[in-house]
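Labels A, B, C and D are assigned to the chains in the order they are written; within every chain, residues are numbered from 1.
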Amino acid sequence: MSFQNPVFIPGPTNIPESLRKACDMPTIDHRSPLFGQILHPALAGVRKVLKSDQAEIFIFPSTGTGGWETALTNTLSPGDKVLAARNGMFSHRWIDMCQRHGLEVQIVETPWGHGLPADRYEEFLTADKNHEIKVVLATHNETATGVRSDIAAVRRALDAAGHPAMLFVDGVSSIASMDFRFDEWGVDIAVTGSQKGFMLPPGLAILGFSKKAMAAIDSATLPRTFFDVRDMGKSYGNNAYPYTPAVGLLNGLNQACGMLLDEGLENVFARHHRIAEGVRAAIAAWGLELCAVSPDVYSDTVSAVRTPEGFNATDIVTHAASNYGVAFGVGLGEVAGKVFRIGHLGSLTDVMTLSGIATAEMCMADLGLDISLGSGVAAAQEYYRSTQSAARKDAA
Amino acid sequence: MSFQNPVFIPGPTNIPESLRKACDMPTIDHRSPLFGQILHPALAGVRKVLKSDQAEIFIFPSTGTGGWETALTNTLSPGDKVLAARNGMFSHRWIDMCQRHGLEVQIVETPWGHGLPADRYEEFLTADKNHEIKVVLATHNETATGVRSDIAAVRRALDAAGHPAMLFVDGVSSIASMDFRFDEWGVDIAVTGSQKGFMLPPGLAILGFSKKAMAAIDSATLPRTFFDVRDMGKSYGNNAYPYTPAVGLLNGLNQACGMLLDEGLENVFARHHRIAEGVRAAIAAWGLELCAVSPDVYSDTVSAVRTPEGFNATDIVTHAASNYGVAFGVGLGEVAGKVFRIGHLGSLTDVMTLSGIATAEMCMADLGLDISLGSGVAAAQEYYRSTQSAARKDAA
Amino acid sequence: MSFQNPVFIPGPTNIPESLRKACDMPTIDHRSPLFGQILHPALAGVRKVLKSDQAEIFIFPSTGTGGWETALTNTLSPGDKVLAARNGMFSHRWIDMCQRHGLEVQIVETPWGHGLPADRYEEFLTADKNHEIKVVLATHNETATGVRSDIAAVRRALDAAGHPAMLFVDGVSSIASMDFRFDEWGVDIAVTGSQKGFMLPPGLAILGFSKKAMAAIDSATLPRTFFDVRDMGKSYGNNAYPYTPAVGLLNGLNQACGMLLDEGLENVFARHHRIAEGVRAAIAAWGLELCAVSPDVYSDTVSAVRTPEGFNATDIVTHAASNYGVAFGVGLGEVAGKVFRIGHLGSLTDVMTLSGIATAEMCMADLGLDISLGSGVAAAQEYYRSTQSAARKDAA
Amino acid sequence: MSFQNPVFIPGPTNIPESLRKACDMPTIDHRSPLFGQILHPALAGVRKVLKSDQAEIFIFPSTGTGGWETALTNTLSPGDKVLAARNGMFSHRWIDMCQRHGLEVQIVETPWGHGLPADRYEEFLTADKNHEIKVVLATHNETATGVRSDIAAVRRALDAAGHPAMLFVDGVSSIASMDFRFDEWGVDIAVTGSQKGFMLPPGLAILGFSKKAMAAIDSATLPRTFFDVRDMGKSYGNNAYPYTPAVGLLNGLNQACGMLLDEGLENVFARHHRIAEGVRAAIAAWGLELCAVSPDVYSDTVSAVRTPEGFNATDIVTHAASNYGVAFGVGLGEVAGKVFRIGHLGSLTDVMTLSGIATAEMCMADLGLDISLGSGVAAAQEYYRSTQSAARKDAA
């Protein structure tokens, strides 16, 4: 196995040297005060990254998918109603999970490439006079389409409808990379994982619960044990877990939060935006379109690039892996074969990004697309050059 | 944080250098053939460690507790009957999980320190004329009491009763350390984790499913998504996971299996037995008793040591941590305060073990117990000396 | 400290993951048979990389400069005559070392950018009727100018002159990256370090001695103790060093040799040539010249790029470091300010190289040079695309 | 290779986790300001560890032996007179190096096991009316015999004789483990390495030069290039080395100094003394003698244990390695076969030390010595128990 080139998948991201080392820990007693010195700062760090003062943070040895299940099973009961828009593979999967757990989902079908339709949410909520909808699901960043939605607008929809439903947000591919405001947006549960904005290996589901979400726990009858936040929360008080925690990853998470907060969250977001803008400049120079339909929904963590009709976009991904040792993301679900994805989140520089852009160009040329070599690189270079002093100032 | 002394907790174990490095991996594309080159050998390796030819292996980014939940939710439906003995904290917790998931558990209360009562199992099974019991739960090694049970006897009980119930075995603290025979014992689901016999950091639930267990999946109606083995199994065919796998841990698992199989499973078991015998020699020299009531149930991975009446055994653990930087395990549940536990599984040598024994002696003396310094060490030394040529032969 | 971008200095190179791990070793007894299991394969591996059947290999905890001193002090006496061409900073420094050690150096001044003048060597050697010249020094690859010389031609010059002088070759920035033939070229001492073609951290001086060089040792009166190859060689027989060896680096060296030999030396050389050709295509596209005057002396490990008159080439290096976090090499000595250097040896892919080329373009544009962004990248892409199937075949 | 047990050799020591990670660094440009941010704090840290305000610090990619050569060649000329006592293998080797470099050594033969005879030094110096002796060599801690000498007494001898000779001290196995006072003792050159008190892998020679030693450089005519402190010192001003520095080790050294100074040097020395006293208690309990003849010369970093007449002490070392995987040190030179050595410096706890003592007991018993198992352990336990609160207070 060789590990020379950066990856350009939309997570897991490239892992910074210091976080590699933070995770690579000898065994300690996970029921000792020493563990508490890792756990509690990690919880506090996550809370800050969520921009929350009051969220209860829970971290499971699991993944974002386990995080979704934690959110649902701790707050809902079989037959409960949930409102959710489907605008990509990850919102689709969350809906599927609801259905498998016996929840009734009102699905707001939304064209892939579009953001969550806050106006449609409002219609549904307003129509729900009896407040049967217990939870509104919102995928902040659809990793499949490279679409970021407006969570504040979803909150406004809830408020406008005067609806008491809770707001659960999948922030797996947004949190710690793009602005996320748990308190300000009135989020009730936020879900993410270790392997995206936190730049760690996979293995942690990370959640924030509002007071309202906490209050919903006791009446929720969906069965859960591994994902039970009551056991989890109780154990935290004893510097412990209800079972064996992933100590190394928690140590990494603690350090990752430190890195992000030291850099400053706004600088982290600006850095992601700058990297993403360079990628988008390249895509425009190639004459290609994003799956995301308009700039207001462009994701700063992943770009899904539409390839010309009749061309199998997945070939680019396969070709890049086998011929250049570079990983891009394939299209999923509805856009399988129609897009390939360039992940640009986490630990990534402009210089690294240029190598990904250059590789995409070579692949497209190799596969017969009419791409001028160096064209996307030049557009990105121009953007990165003109913004590098800003980049340095942010880093200073 | 200093990490100088070995840990003597019953898992997570001390991690071998090579496995630390195998887990500490840069990011790769977890949907690429490269990932398949890690996944499939890991699955095959686990199967061999289980001594099975045919088990389907599933590995979740979770823990042993998640493994239990996987076993239950994939094969059972609300209201299903389960037979389980309770002889320690971990059998107790599994029973608790069953109840939380709406299963009806027939509990065979068993004194802590005793093994699973195969004869009692047989009585219950024989009495269950209508075969309402779907599953028999058996904890192979009760980590709380240091008691290893006879799984073959449980199988014989099932067979003697002519009962078709499935046999689910918690092998979390036995598999890869003590003899485990999936096929020969007719195990239907075996559950373990990465952080015990496999000597890895925590973060993986590892399961083997028999054909019978696989056949039970489709009719099982307990809700599950994260732990659904159908999604998992289907994804394996594409060198993938239904979500993001813990690639580094899987890489470590692959290498751990290689290490264990290269050493030879019987040698691995003999090595654990030798280390454990030395610990037991020390305990006898101290004039103390094991929680395990008789040699046939002595665990080769953990010893729970009873301290004299009126003495709080937990003080030893606290004192060892704060004064000598050494981690032992506290007593849990019924035996809290009555025992302390010395873990002796995984990556541990006779030499390292002597330092644990010596530390326990100092702690007991510090806390006023009538322990002759060096007495336990001498007994263990004598045993280790007399068996070291065997140890070397095994290692050769 | 952040370590995200690759380095493009002419050594130390980017270190492969596996070699990082091989070097990062816990302490072992360096006087034990275990150490012998690292040392002897490392010595054998180096011998193969040198394409020698009979060279005595010596490895010191030092650097290439220490290797030069080892070569001189073990074979020469004060006042001995040495013949050496000066065509760059490293040949200059070796000459300087000779003079400091009281050797008399006949210097063949050679324009920087040119290779070693075998014809001039021959003239000097032919003129040296009394065979007072004991050693001919030859720098295989001048790291300062990116010039590779023809060592076979120097050997022919010695043979044509019928001169018995020994041939000492500085292969620091060539060995393990470009073809080097110790036996065929009649090299008497070859010198290199760990941090170039072997892709390791710095800290080892690596030498091969021919039988003739070995025979010269006893009569050599230059004082040496640390660098005495007699003590060193004697110790090897006992799996030991005369002092404490750099065990981790030796373990890394052993593994590095394994990697290189598994890939196949000719494939390693072809890989370096391909990477270098892409860089040269970019430089040509920029309309710039190499310091190396003609293709027959182009180095496959480093390119020194001449910048236009009146421009301070060092600014590119400073700018790249401070604005883009990328390391290039400055010009040294005569060509200081006139060239900047792109290192392209060791663990480097076409994809990584493109990011270096792109960065150089941005820097030059930022600093006002008339460079078309993407132009060099496109030329390199075209070359890499058209040769990637060959690259894969080599890697297969 | 397995790395489970600690080593008990007198260096290289067990390496702390954090220093392993500090040394394991990706490549950076060693001619960049970033390198300066590692180098200069490392130099300042070493100066503090030497308890000096004014020493010039030089660090070479080499070993302690290279450090000796640096001291001699930078300050002396062929034929210069040096005064040195020989009381063990390392003082012997330094004398041998002097002779190989054409220095004239007045040797004060001293029985092995005794400290340096300050009175004899004074006699020689007083007799040297013409002040022909340029340098007095003193080995602070004879690693071969476990003897620490009184450097302050040697300084008093120089002063009493009114002699201007410089004082060079080999502190390889004392500095950073036992009290060393560069300024107070009037040391002119102190030599050490990375792999002892600094707890790092081998690969660095570390030196402090007084003003007087610096003043001697220009007139010294012994040839040197690699070890020339003038080139080295000049380069430091440019954040650079005259050749490629061992960046990772320097990064480790920087962090090691931080660890030592954070702990407090006096606490570091007390910690070593406590560990050593436990070992000595064990040796006394075994009824064995140290090679060091009296408590005032007992070394706190290594104990050389005399075995009974007719017994080959080296067998213990071989047996420990092959049967228990534990490394002790053999006897060297005059005491080969008569002593075995237990290293107890650097990163070592009381708990780890007990495992070394226990292993030595098993080996001695295995080899037929009349040793009561557990006897030495018990003596050490008693000492460690009774002093652990002090240990914790120091660590607090």
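What we mean here is this: a residue touches a chain if its C-beta (ideal position, glycine included) is under 8 Å from a C-beta of that chain, and two chains touch if they have at least 3 such contacts.
Predicted, not measured: the structure shown is a model, and the values here were computed from it.
Asker: Once you count every C-beta pair in contact for both, which comes out on top, A-D or B-D?
Answerer: Looking at A-D and B-D side by side, B-D shows more C-beta contacts.
Asker: From subunit D, which chain is the farthest off, judged by mean CA positions?
Answerer: Computed centres place A farthest from subunit D.
Asker: If you average the CA atoms of subunit B and of subunit D, how far apart do the two points sit, in angstrom?
Answerer: 46
Asker: Take the average of all CA coordinates in subunit A, do the same for subunit B, and state the distance between these two points in whole angstrom.
Answerer: Computed from C-alpha means, the inter-chain centre distance equals 35 Å.
Asker: Averaging only over C-alpha atoms, locate the centres of subunit A and subunit D and give their separation in whole Å.
Answerer: A distance of 53 Å separates the two centres.
Asker: Got the subunit C residues that touch at least 2 other chains?
Answerer: Residues 3, 14, 17, 24, 26.
Asker: What part of subunit B is in contact with subunit D in the complex they form?
Answerer: It comes out as residues 2-5, 14, 16-17, 322-326, 347-352, 354-355, 358-359, 361-362, 365-366, 372-375, 377-379, 381-382, 384-385, 388-389, 392.
Asker: Would you mind writing out the residues of subunit B in touch with subunit A in their complex?
Answerer: 1, 3, 7, 9, 11-15, 20, 23-34, 37, 61-66, 68-69, 78, 96-97, 100-102, 193, 195, 201-203, 222-228, 242-249, 321, 327, 330
Asker: What part of subunit A is in contact with subunit D in the complex they form?
Answerer: 17, 21, 24, 26
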